[in-house]
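Down below are the structures I want you to see.
Each of the two complexes below includes chain A, the first together with chain B, the second together with chain C.
Now for the complex of A and B:
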């Protein structure tokens, strides 16, 4: 694990997490949360946990985002905070 | 001070995992929208999974697949396995289960949020609480 790659991806992860909880549109939250999950997947691939990485890529970044977008379309995009 | 600083810098990944965990906890506690709370819960879970996977990491080690173990080695001492050459796969396997559980929880929680929206026409916690006191 090169610490530079690890640090850059971790910083991106924290930015994605902060953006996902602070935007005022739930569809943007869904997409930023997908980006967060993908950054997490990269982090695990860097750490050598390849099985965890591809499970996260398919299940976390794929299925979760689909669930999220489906739930947002069945409810409202508006949020107050 | 000069001896504490290297310790803090050397364990930078643990500090960043703690920051991620606190972001998730903050979102769960202080966000008003139910779906934002769910995102916070997921961030919290993934930060803990990240912590556990990072415990199993070893420097100068490769991924946990044994080399020369597929019938192409002829002398038996090529098969001697040094555990220090391989990343510990035990936390990976445990956290694989945790990822699947977290997605299942997320799906069930989103279904509950959709049912709450169908009944109260809102996802904000304070508005739902207001409707509950009116009834």
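Now for the complex of A and C:
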């Protein structure tokens, strides 16, 4: 029924996931993780799991991104490997 | 790691081997997914015994329209209590690992009327912080009026929304976890818009620690009260003996109490984790 929406969101999810592990700049990785979480949130919402989508939006895309940025702020910006 | 080993071995053989192995494992896992029940299959084992009971009987047994909340806070209340305890432990672990009570060697002050910045190299000298002097960070940036104003307007609405999410967990998506996280992030926004010292002065560390523990105690306390009234642990139906409310909705009130406990713990734990990470446990300067 919603397969076009599903396809678009899934493409973005995979794109964000691959970008997050391949980018060298850790701040960008944190932001990409936030985008990935948001795409997962949309995917949950499309599947009808609104409670899970809400949790993913507030915890995954919201607070954990802030924690990642805070950790990057206190360590180094660029990855060593 | 893989590249290092293959360079040490002097050839590509190892790399090819392991990539073959991982490819085989990948194919095996993909092959095994064919055995899974189809998505939303009503005859799958997970959907054939417990789920129909929850879906058909939940409203008449608990009186709560939101099925997810009734499963989380009532049928699986014991589970959620220990999830809350896990969040409490996360906050505690961050505090124990990162908290550093040593004062910083260097202190910077700014004379507000003139804008002169004063630096103390030894930590023992301090200036009275007030109308004349203010404590500033090592990498001090003048406050942005736009960010400050927007955050000042936004924060009350975010907090009100968080309270709404906690209070309406029974009727719409949401609940203690989400509400607590939203409330905690409003306090983080406050720290980002002003500075960390302002937040730490407003919301004391002791208060946060106390809140973090009180939430779990509220949750466990409701369970113990139910036991004292002659029921099982977290059997909210027994609360009707002491609460003057409609007995049909008593389980919803019990769940609301539990969700408030969860919200308090999560809010305090999130702020503790943020403050400790961003200032490396010193609670003075940060993002």
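The criterion applied here is as follows: the second predicted complex is superposed on the first by the 78 of 81 C-alpha atoms of A that agree within 3 Å, B and C clash if a C-alpha of one lies under 4 Å from a C-alpha of the other, contacts with A are read in each partner's own complex, and residues count from 1 in each chain.
Just so it is clear, contacts are C-beta pairs under 8 Å (C-beta built on N, C-alpha and C of every residue); 3 or more make two chains touch, one makes a residue touch a chain.
Source: prediction; values computed, not measured.
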- May I ask you to decide whether A:54 touches chain B, chain C, both, or neither, giving the answer as first, second, both or neither? second
- Message: A:43 in the overlay: touching chain B, chain C, both, or neither? Say first, second, both or neither.
- Response: first
- Query: Which holds for A:66: it touches chain B only (first), chain C only (second), both, or neither?
  - Reply: second
- With the two structures laid over each other on chain A, which partner does A:74 touch: chain B (first), chain C (second), both, or neither? both
- Message: Let me test your reading of the model: by the given contact rule, A:8 touches which partner, first (chain B), second (chain C), both or neither?
- Response: neither
- Please indicate which partner A:18 is in contact with in the superposed arrangement: first for chain B, second for chain C, both, or neither. first
- Task: May I ask you to name which of chain B and chain C touches more residues of chain A?
- Result: B
- Query: So which positions on chain A get touched by both chain B and chain C?
  - Reply: 50-51, 55, 59, 63, 67, 70-71, 74
- Query: chain A touches which residues of chain B in the complex?
  - Reply: 12-13, 16, 19-20, 23-24, 26-27, 31-33, 35-36, 39-40, 42-43, 46, 49-50, 53-54, 56-57, 59, 61-64, 87, 91-93, 95-96, 99-100, 102-103, 106-107, 110-111, 113-114, 117, 122-124
- Query: Hey, which residues of chain A end up touching chain B in the complex?
  - Reply: 1, 3, 6-7, 10-11, 13-14, 17-18, 20-21, 26, 29, 33, 36-37, 40, 43-44, 47-52, 55-56, 59-60, 63-64, 67-68, 70-72, 74-76, 79-81
- Message: List the residues on chain A that touch chain C in their complex, please.
- Response: 50-51, 53-55, 58-59, 62-63, 66-67, 69-71, 73-74
- Message: For the complex, give me every residue of chain C touching chain A.
- Response: 66, 68-69, 173-175, 177-178, 181-182, 184-185, 188, 270, 273-274, 277-278, 280, 286-287
